[in-house]
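First chain written, first letter: the chains are A, B, C and D, and each begins at residue 1.
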Amino acid sequence: MGNSFGTLFKITTFGESHGPGIGVVIDGCPAKLPISLSEIQTELLRRRPGQSHITTPRDELDQVQILSGIKDNLTLGTPIALLVMNKDQQSKAYDHLKEVYRPSHADYTYSEKFGIRAWEGGGRASARETIGRVAAGAIAKKLLSHAFGVSVLSYVSGIYTLCATVDDNTVQLEDIENNIVRCPDPEKTPLMIQEIEKARKDGESLGGTIRGLARGVPAGWGEPVFDKLKADLAKAMMSIPATMGFQIGSGFSSTTMTGSRHNDAFYMQDNKVRTHTNQSGGIQGGISNGELIYFDVAFKPTATIFKTQETLTTDKKSLQLQAKGRHDPCVLPRAVPIIDAMTALVLADHALRQKVQFL
Amino acid sequence: MGNSFGTLFKITTFGESHGPGIGVVIDGCPAKLPISLSEIQTELLRRRPGQSHITTPRDELDQVQILSGIKDNLTLGTPIALLVMNKDQQSKAYDHLKEVYRPSHADYTYSEKFGIRAWEGGGRASARETIGRVAAGAIAKKLLSHAFGVSVLSYVSGIYTLCATVDDNTVQLEDIENNIVRCPDPEKTPLMIQEIEKARKDGESLGGTIRGLARGVPAGWGEPVFDKLKADLAKAMMSIPATMGFQIGSGFSSTTMTGSRHNDAFYMQDNKVRTHTNQSGGIQGGISNGELIYFDVAFKPTATIFKTQETLTTDKKSLQLQAKGRHDPCVLPRAVPIIDAMTALVLADHALRQKVQFL
Amino acid sequence: MGNSFGTLFKITTFGESHGPGIGVVIDGCPAKLPISLSEIQTELLRRRPGQSHITTPRDELDQVQILSGIKDNLTLGTPIALLVMNKDQQSKAYDHLKEVYRPSHADYTYSEKFGIRAWEGGGRASARETIGRVAAGAIAKKLLSHAFGVSVLSYVSGIYTLCATVDDNTVQLEDIENNIVRCPDPEKTPLMIQEIEKARKDGESLGGTIRGLARGVPAGWGEPVFDKLKADLAKAMMSIPATMGFQIGSGFSSTTMTGSRHNDAFYMQDNKVRTHTNQSGGIQGGISNGELIYFDVAFKPTATIFKTQETLTTDKKSLQLQAKGRHDPCVLPRAVPIIDAMTALVLADHALRQKVQFL
Amino acid sequence: MGNSFGTLFKITTFGESHGPGIGVVIDGCPAKLPISLSEIQTELLRRRPGQSHITTPRDELDQVQILSGIKDNLTLGTPIALLVMNKDQQSKAYDHLKEVYRPSHADYTYSEKFGIRAWEGGGRASARETIGRVAAGAIAKKLLSHAFGVSVLSYVSGIYTLCATVDDNTVQLEDIENNIVRCPDPEKTPLMIQEIEKARKDGESLGGTIRGLARGVPAGWGEPVFDKLKADLAKAMMSIPATMGFQIGSGFSSTTMTGSRHNDAFYMQDNKVRTHTNQSGGIQGGISNGELIYFDVAFKPTATIFKTQETLTTDKKSLQLQAKGRHDPCVLPRAVPIIDAMTALVLADHALRQKVQFL
């Protein structure tokens, strides 16, 4: 269970890291949405390993196939199935980990849950699972832009101790994509790359934060109680591997303000209800208010490192683990398209939900 | 839509602040769980207004009735419906707000969503909606303790700029309940009360943080992908009014650690797999690992204040709003049982889900 | 589980026959639908016992209260909770059945399922559970007529060996309501009443068929695969107590036709696509085609009879059961509003679903 | 929407008749169930076209691939994705139908629903969609037999005016599979084949009935209200293309019995609660009682015939349609494994649901 996300724009992902293939079925995308294979592939290329010298060196092309639901670049209204075959299932590379619980990985918890595990490459816990999300997210993004004028965008806002300064109202996709850390602060970018290269050399890993944005969301999206927009975004983000925290708008910093400082005063601008400040992050009472939606996601330093670590074998013996090979010292640049995808999936779902709210 | 939560232990809440009643239906509670009316009422008393001089002065008794699903203090396996009638529907107190969008309230967004609103007392956006959650949470808590040996507990860990120091491994319910701020740090408690009293005098409001704990959760609860335990907890917490952020384990602070510092080394203790540190907050790969589950929830200062504020009327005219009456300057003490309830609802759901994972 | 029905227009029922109350929560009704308490009460009066000398003599007023979701005769877009308190919980009348498994009742199967049972009056298996359905159905009916121009109607088409002759295109509600068997064939009506009176005298019970109709459903409602309109109607009808069969359009009689005889030829009439015949019952490929929707539901003779029957006690001893009291020898007249309600609930759900199918 | 079925053992099918592939994702199958590719392929071979001279002559091998969720012939507890590529997408064969609404097909209703259609071969309305169901059903069957000792079986019980006589308590799979009509009545079988051959020669089609059986279901499966076992079976069966009716146990014939004749008297046999008769079809109050579950499904004569028919073009002009080619004059033999699959899917779901009913 738990492999589906969304209520009206609903996706189900499948696939183990080292099984035959990885994919997604989207049920609920309206008919007649224009979408091409290359629009989907473009997002997958942003996610794939091996795209720069600071990410994992595994070069996976991740070529997506459309199995159903799209014909002549139009959605049919039927389930859209997208598949990426795993071209290179080198389970052997993981042979030395078969009987080890790697610290802070899902090895132990999966064993306890399922009584079995597809241990090669982490199985279903692998970041490869997010391929299905990113592919589905490409369609959600298109639905949002095509039918609702909404765009989503995210960027690396911090790596380790380095924090970027960015104007969320003006930042554009090209500012994010023009550098390999996907951070639109040109001063911090080289320092971040330096830190990542150092971490790789040290066999270490680094975490950081990603800021997510959604522009053009009209007032009225989101549900009042459990499916508040902030709640669904929180779940979406915290379902991504390695995430440790989520905050909307002023987030944790709101706790040290008083109400009069924090409240967003309303005013009219060009016949539109606006707020002077946007501590609410575009969401009030769980429902969008028409302002910019912004939020932050915290990623821990990933668990794969090449320092010696104390751990246990699957038969519960103590072990000094010294992993080897090459690794991805900082997943944040590649996580940016995943944040985009999850944001788009949440918003596409609520866009459709709002269509049945009125008579 | 969006008024249900959970998959196997599933609740649906209903009721407007100033409508006839507020309640919840629980579908999926197993049969033969011992539960009494007073166990449910006890949790509601922890949530109710008027319980101390620092909360809202409205004195609402919130007497719960069992409409179905429980007989002779045993669950029947059928839907459990719980109802609290709203004894005192003084809509008049809100007359002066009928045509105003209060800043950072849900007034404007609800109007945009529904094209209509039950404006008295915030309607469905009111904190009274959480009565249903707390009542259902009492049953979830009992299910967890009775059938799985799991307990949940939460406390105020910070108010405004004051942070508590607490040992999460030893703190007990009585340490939390023995003071009106529900903070188990006896040094900070009087300072917190002072700050809240000052805020009330100033017509201001204060936010803060609550720490949530779950003890005794066995390894293996939670689903690998979208319904990760951390994701479901995040959604649960971010669905509570006034929440702005959620973090599990090391949370946002993980971003400034390296992997070797952050990883939780495994070892054996008394024939049980343990970790030396618990940065993961008891959850790895989205699944419980048997360690203490802990997380933090950020609450903004609530939107109701008595300072003059710029805002708009419902016909989009500018207005200087000067609210009057008495208010709840800090909702955190009363939010503690809500956090308990939502934690219990998430865990009860996953406890049942794990029962169908194995043959 | 299993106490909810529908996806977008979703209801959850609760309540045992002899518990404090019976009710329903509707989540997903759009805002601003005009609906009054009396419109709901009217449908309940059609369902209630004691309305004529041929039904059960228990006179239950079944006064409905609106707990939430409706204000000033308009829906708010929030969950609508409706409650009927059980005024007279005479469990004693069932004392002699406490330790008996009545033949063809749910007594034995409930015990096996839950390990416990609310035995008085059948608990959740009681026909009283349908109060929630009928109350919710009244709102679904109003949604269909108000927003989509769709009306639902059903009538008793057969009792025991007596079959009615009715023109489905012209029959009106008053033709059905003007007689106590709810059969619009004035020749068969007195014969049916005779049979029911005889059955009562004999301590027997009778079954029969109800025909369900939906007029004005536009082409395009229903989903292609699992949620075909005929499939959702089948489930809705077969979820009613005492139902044994469902057929759409030509139904079982289609099996003895050839394809050329059974196919419905298309033609144009007044610029509308029509079919000359309507063997399909208004549904092709699971989706409405704009013709009259019609179907049949078979009801067994109900299990409560006053003849001596062989059965078992709850401790598995043989017993000759001789039930006593007064009973409802034929539930079909009272089942008519339940069929109406379930038809309306299915169609209201698909009406909303079709709204998100297009961009 | 509407492409998923089940709650705990949940499937989602995808694929158009003439798109790249057809498949299914199963979410909720417990881990460690032994299942091989050949067990799945065997069921698909029973369903595939071209298996005998009386079915459609299209020879489709329908080779299934496992994409995820199974490794070394054991389920992993993760989603199981199964794919059959469409080897031969001869859209041209359908060119002459591109602008025609075939009578009693889904052509017109799909156009109205989606505003677009994948017209080749019926797109999603094609019987090829059932490939995903049969593949998933193979796994459900294995789960039932392996973990619960339950077996499902179905057979052709009538074709056109010919009805079979079969002993449901003793009939075995080999009695069904030893003849090309899948009818275990050796006297009727040759007559049925004759009728089908005649229909083919005449360009006609024939309908009929299939009886479904489930043996070994313990008492207690099924939910009391909406998800009654009979209701879920009804939906499952009525979601199959060309079905027109469903009845459980005595079905429509129950309407002409009195209660005393229809009630199933309880008695003890070998320490097991049994009933002397089984009019209930193994289900009472919506819940299994431990007796044989049996039901009937009515299939209309399929819509594809080669007689001249009046119809409309997609631009609403009248047309005398004379279809050509070869067709499947009677789909019932190939529908048998589909009935098996849907029965197994319903029961597997309820088997898992019953596991969370008790503490």
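Operating definition for what follows: a contact is a pair of C-beta atoms (placed from the backbone, for glycine too) under 8 Å apart; a residue touches a chain by one contact, two chains touch by 3 or more.
Everything numeric in this text was worked out from a predicted model, so none of it was measured.
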Next on the checklist: Going by the touch criterion at the top, tell me which pair is linked by more C-beta contacts: A-D or B-D.
Outcome noted: A-D
Checklist outcome for this item: In terms of mean CA position, the chain most removed from subunit B is D
Next on the checklist: Could you work out how far the Cα centre of subunit B sits from that of subunit D, in whole Å?
Outcome noted: 46
Checklist entry - How many Å are there between the centre of subunit A and the centre of subunit B, using C-alpha atoms for each centre? => result 26
Checklist outcome for this item: Chain-centre distance (mean CA atoms) for subunit A and subunit D, in whole Å, is 39
Next on the checklist: I need the residues of subunit C touching at least two other chains; which ones are they?
Outcome noted: 1-4, 8, 13, 28, 31-32, 77-78, 113-115, 124, 224, 356-358
Item to check | Interfacial residue positions of subunit C with respect to subunit B in the complex | outcome: 1-4, 8, 10, 12-16, 19-23, 25, 27-28, 31-32, 65-69, 71, 74, 76-81, 83, 113-118, 123-124
Checklist outcome for this item: Seen from subunit D, its contact residues with subunit B in the complex are 8, 28, 30-33, 77-78, 143, 146-147, 224, 352, 355-359
Checklist entry - Considering the complex alone, what residue numbers of subunit C touch subunit D? => result 1-5, 7, 13, 101, 103-106, 108-110, 112-115, 124-125, 129, 158, 160-161, 199, 202, 204-209, 218-228, 230-239, 241, 243-252, 254-268, 273, 275-276, 279-280, 283-290, 298-305, 307, 309-312, 316, 318, 353-354, 356-358
